[in-house]
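Two complexes, one shared chain (chain A), two partners (chain B, chain C).
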Partner chain A sequence: MTLAKWKVGVVSCSGEEIPEGTISRIATRLVLEKLRPDETVTICLPLFLAGGEGERTFARLFPTITVDGCEKKCAKIGTEKYSGKPFASLVVTDVLKKCPTLTLKSRDKLSAEEWEFAEKVAKEIAEKVDEALRAQNKQLRSEKQ
Partner chain B sequence: MPNGESIVIIPCSGIGKSLGTVGRKAAYKVVDELRPENTTTKCLALLTMGDQETLKIISESPCITIDGCPSKCAQKNVETSKGRLIKSFLVTDALRSHRDLKPEGIIELNAGGIELANVIAKEVAETVDEISRGKSP
Partner chain C sequence: MSERGKVVVVACAGMDKPLGSVASASVFKVVEELRPQKVELACIPPLMAGVSAHSELIKNMPVITVDGCAERCATKLIVKSGGKIRGRIFVPDSAKKRNLLPESASHLGPNGEKLAENIAQEIASLVDTLVQGT
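Presenting the complex of A and B:
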């Protein structure tokens, strides 16, 4: 077994238009760079949707977690359409409901509260990464038996 | 703009490279600071997914794309979607002209990357002005 078999793909929406999209991207990068750097990779969504064969193959073979900014769920729908069902899907607006006093305003320079929220979303993604790896381990164990 | 429509600035999503962050930062600089009165941005993924509202907007409004890398996802998606693409910018082209501004970091760009984004934003803003004056860049 190669190390690559243990990676989880985190697919974030591009979300340039809305603050929730920026939270999606930053939370995804926080997982990749700080929380689970050895267990995760990411995919540029438009490249994936536009036909990047490497990206699509990866998402077909490895578990993916989609992170969307809004209810349009481009990352989830795109992954399902071109690759397969994601292991888990997060929507930033759903996580935001747990923080009723927070209003997201920034698309570029996040406030301290927005950074804190991005870190909260990142932690939720990291938990899903752990779940995906546990599920994969379980499957591999059962295949060996 | 002669008819009051907004010019759509579309950066690539570029989540995997510093170059993508530079492109996106340049787009925000134009839309939020340099030319907020006559520019807007749209999510590239919405366009790629074929969102009807977004497709209508980019087919009716002048579009400028800013791509991080030579994959040119933003440019290709606007072209494929029959958008009114007026001009395309590529971060790697700007980097060739400003080799001292090497971008690093994705979540947070280094000083070189921010300056490179500012250089691109200034060029994009000039293009916006040309379009607004009715001149083809």
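Presenting the complex of A and C:
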């Protein structure tokens, strides 16, 4: 793994059992590919849990944002267990509470409403990415002084 | 007959690789379209977090793993968790055999969709064999 400076690792749950997991994966990809492509990398959670040293080292050295589909918070728990406390943790079911009329149905093909929701979650992740980078810059400045 | 006549399917999440996305897409097709009554889908992280319902599931029912890359995380983690693997799909081999590659991790494209469909059929056949033959 090549470690670039000032990257934020986004760790999404696999979430294959529930539609919220699909949202967490799609939202993460939207951040990686469209919203913050130069500032983020993803960490493959199964590889991380299976003992991937590159993934674990990255998460120890760089800020991470975990994105979980449900209250089990597997991505957050796994990151804390093997690398350290994430900079921020998002849970899709929490974001869903802000959209009371939306019901997620499919794990496979998203409806237009579900895509819109995934984009909303992606924006929240991107905001956390910006916060993480600001915090890192602030820390760097204070270390230089 | 396998317990409750069902098989557990576990795919790697493969967030960082297009073939990981194919793995996920193929198992969704099996559980939502092809064999909804015969398949339980289990995701990997809860297994590692020790969620008991998932742990029991993989210990008591035959498991098919679907791996998207050479790390074979789904297989490794099911073995580590004490699951009974009765079938394995390695997506890179399937892609090579069929000469089909997805466009990207977020957009499979026509070839990626076709590959996922083919792998889903392969998983469904394995499910039928396991349900009937045990």
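Convention: the second predicted complex is superposed on the first by the 142 of 145 C-alpha atoms of A that agree within 3 Å, B and C clash if a C-alpha of one lies under 4 Å from a C-alpha of the other, contacts with A are read in each partner's own complex, and residues count from 1 in each chain.
In the analysis below, contacts are C-beta pairs under 8 Å (C-beta built on N, C-alpha and C of every residue); 3 or more make two chains touch, one makes a residue touch a chain.
What you are looking at is a predicted structure, and each value in this text was computed from that prediction instead of being measured.
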- Message: Once both complexes are superposed via chain A, do chain B and chain C end up clashing or fitting?
- Response: clash
- Task: Have a look at where A:P46 lands relative to chain B and chain C in the superposition and call it first, second, both or neither.
- Result: both
- Message: Looking at A:K72 after the superposition, I want to know if it touches chain B, chain C, both of them or none. Which is it: first, second, both, neither?
- Response: both
- Query: Does the superposition put A:R25 against chain B (first), chain C (second), both, or neither?
  - Reply: both
- Task: Mind working out whether A:D108 is in touch with chain B, chain C, both or neither, as first, second, both or neither?
- Result: both
- Message: For A:S14 in the superposed arrangement: first (chain B), second (chain C), both or neither?
- Response: both
- Where on chain A do the contacts from chain B and from chain C line up? 12-17, 21, 25-26, 28-30, 33, 42-47, 49-50, 52, 72, 74-75, 77-78, 107-108
- Listed in rising order, chain A residues that touch chain B in their complex are 12-18, 21, 25-26, 28-30, 33, 42-47, 49-50, 52, 72, 74-75, 77-78, 107-108
- What residues of chain C sit close enough to touch chain A in their complex? 11-17, 20, 24-25, 27-29, 31-32, 41-46, 48-49, 51, 71, 73-74, 76-77, 80, 104-106
- Item | Of chain A, residues touching chain C in the complex | 12-17, 21, 25-26, 28-30, 33, 42-47, 49-50, 52, 72, 74-75, 77-78, 106-108
- Across the complex, what residues on chain B touch chain A? 10-16, 20, 24-25, 27-28, 32, 41-46, 48-49, 51, 71, 73-74, 76-77, 80, 106-107
